[in-house]
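Before I ask anything, let me first share the structure, which is written out below as structure tokens.
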């Protein structure tokens, strides 16, 4: 059993029209080398699900997106993702805008193979008007409370960033916050992880094994790419590249700005990209943000 | 004290939203609310739980604009998954920054215009729906104006308020409460008749008429409306410690003084 | 804010008829010094909730129990808890016997203040016949699937074992498996933790802070008692006391055996108990079981 | 090989329940099933996930009766909370030890007699309801007898089976499957007509009549019923490595040989 593959192998397993979940949170822990490989591909009509950042912005800019399902799309220190904003304002993409907890809950329902999970978030808000397909349900007990029935969000594939992986699919995530990556993995038919390093077999002690965020039976492919989360952060390791992210955001101000950005940075391979942004050493030396 | 800026006054007013809340997770979004949560914790509400801005709880509020993690220490862990667990459980009070607010206390950060093809797309719903229906929320508005306090309903109702029509029968409303709105002009609550928005303190030199003129719907002036309390020397000292690089000075245009000249 | 108290302070806050959740799992991580304090008290008519071991057996033996809510009651290496078995066979206690996952799900529902959560476990089994008060619910979506609506299990109090705590209520649990203690804490009006050591304030680094199993706002009382989990295990630290547990189980074979056990070991205080079982050093030297 | 014990034969038969399962969590409860899961992993199914008996996943099955944790290493983490997350997700196959089994494949470990005042209280439901409705399950019965394989329904239906009356309309049955039952006499599956229990292999020297006499309901003899495969030298070597202290010898009364004398 050897699940190691390349970013192009992963993209070859994806298809037009798929629903793809991307882990991380805003400018943090996005498997960007996989996103870049999608940008270089012919894939189209994708539904992208996540706590969005530049992953969503870039895919929108490149015309890969049919629909976004998100709790937010933001770069945190730059609150509004400019290419996402452009796509929304142009009306070129569908949007299912969720409460952050609702997104987690929908992924969890899918992970448990349940049709829905009940919750309060969304009731009393515009969400109910904007999404008439979402139903409520009444508690069958004496309280009779009306709750929102959050439907399962099933993913065809999940793309996740991890620190280490082995060829069997065991992973390690040492981040301060693992976010909801585990639930993307459980909600997906296939999960592909982008690791800073891949070894034949992770055999570690109990403390280290606790960093195994989800079991290997959920993992279909493992890709090694040091610095692959750039320009998002991958702590411990490196912070986000604020200068590059600003450069990217500025591109949105100009007509055709995305193409200029893509021409300058994207390249034919991740090695091209890393050279264009200053090299791997520069990436892995980016200091962690202090918040 | 008379030598303080408007930002400092607002930080003190914001800190007060957490008074007597007990042991809740205090979440201030933005620089002024974040300094305010630290001030609240270091003065009247040491029991508040606050984060380091990331995934950990700390009993010592972190410095705004710190250049390193050096010396930080943590009492607890609060990754986002636990934030949701905790907020659905209810022991939280968030101080958030909406783009639009309406007379019912409903707020918008999603988009301006029609949701299907917005005039201006903003952040998305973020945690507003879940926060607002599960725990206390207050708001900070640094630019009190008719553009923020809109005449009708906000364009996208992200957080629940007191508009009965929006509540389906059978939905539990008792966990939701909009507590205070702190603006650059005044402090308000929803304790008017039928949860009408009510001015409970005016910042030094601000008149009720000015507030009303900057709001697209009628406000109530509380009988016991006072001038917003000036920061004390102790509060200012703590604020300077929490924000040694004076990031707060860049939060309100031209960094005006707390007492209008 | 100082939440430190004694075992007797905790028991003074409990009342007859309360529903009390006890953390841990079988012979692992049970806050036994608190259970022993209940045994010494006048408390009665309790409903005890948990993944049960000797905690449930002893409380049954001492006549403290009106009802048990459990996924199992077992000592693992001794599969059947003898005093629990006696009480059940004598018909002296009510029993709500749940699937293990169902118990977690009921606690989670309570922690979220939801009236119920849907699940599959229990459908098609005797659980439905034995508990006619449990309802089903149909998915409001096209699948229309019938699911069991697991009602919230609300606790008046939760009793939990932790490694460290501070006077503010911050805790650290370093166990290989934290079990479902977090959900007992969230489901309870008040949570009392029994810690091996209590300090004024836990100020630790990020790695250590991850051992904070639940936030301090859930904690009402903190008790320091080194070795307080004996005879259950508290790894890392000490294993369970197999010899003592066998001794306890043998007591069940004789008429009046519980009273003999209680007279020999329980004492008036935890210090008496620890002396009777060989002293604190003996407890903390018990090796971790190798499974 | 002809020099092997019944326990060793059973370990090999149990290991086969996981053949061709793919990458699932294999959970064998009890000594023989636990050795069997290790054997399966070290022979035909290296992709299986197994635990160290506690909270960690290991690619190297742990020794039964080991005296220390020395030298153990772990690929993954599997605390009980994740066991439930994984089993509701379905990628698991458990091999469990019931006290009663009925013709519908329903099993009991809760109590004997009436649930309200049992003649004999046992473990409780444990994970049987959730396991059985969410993923594949097999059973190991070391004492094949009419007391275990009961005539009517088991006293407490802890795990679901193929009895239609017990399934409410609308409940999803397609995740549930009772795979094999390995006993001290034979191996059975539910591939008979209408999921009737069917003997697919008989242990050396055991006749179908003996199995039928030890069962309170009619069994089907599979057309292609064979003698249960004898352990190979390779399997025996692995078993000895997994259980160097021969704990398996104490699992079946008098530790009989695998081929009846």
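Things worth noting here:
Letters are used for the chains, namely A, B, C and D, taken in the order the chains are written, and counting of residues starts over at 1 for each.
In the analysis below, a residue touches a chain if its C-beta (ideal position, glycine included) is under 8 Å from a C-beta of that chain, and two chains touch if they have at least 3 such contacts.
These figures come from a predicted structure and were not determined experimentally.
The fewest steps needed to get from subunit B to subunit D, moving only between touching chains, is 2.
Centroids of subunit C and subunit D (each the mean of its C-alpha atoms) stand 30 Å apart.
Our note on geometry: subunit B versus subunit C, Cα centroid distance of 40 Å, whole angstroms.
Chain contacts: subunit C has residues 112, 114, 119-120, 136, 145, 147, 176, 206 touching two or more partner chains. Listed for subunit D are residues 56, 88, 134, 175, each touching two or more other chains. By the definition of touch given earlier, these chain pairs are in contact: A-B, A-C, A-D, B-C, C-D. By the touch criterion given at the top, residues 112, 114-120, 135-137, 139-141, 143, 145, 147, 149, 151, 176, 206 of subunit C touch subunit A in their complex. Across the complex, subunit B meets subunit C through its residues 23-25, 46-47, 49, 56-57, 59-60, 73-78, 82, 85-86, 88-91, 134, 175. Subunit B makes touch with subunit A in their complex at residues 52-56, 62, 66-69, 79-81, 84, 87-88, 110-111, 115-130, 132-134, 156-160, 166-173, 175-176.
Taken in their complex, subunit C has these residues touching subunit D: 25, 52, 70-74, 79-80, 84-85, 88-91, 95, 97-102, 104, 119-128, 130, 136, 138, 144-147, 176-180, 288, 290-291.
Taken together, the subunit C residues at the contact with subunit B in this complex read 1, 111-114, 166, 168-170, 186, 201-206, 208-212, 215-218.
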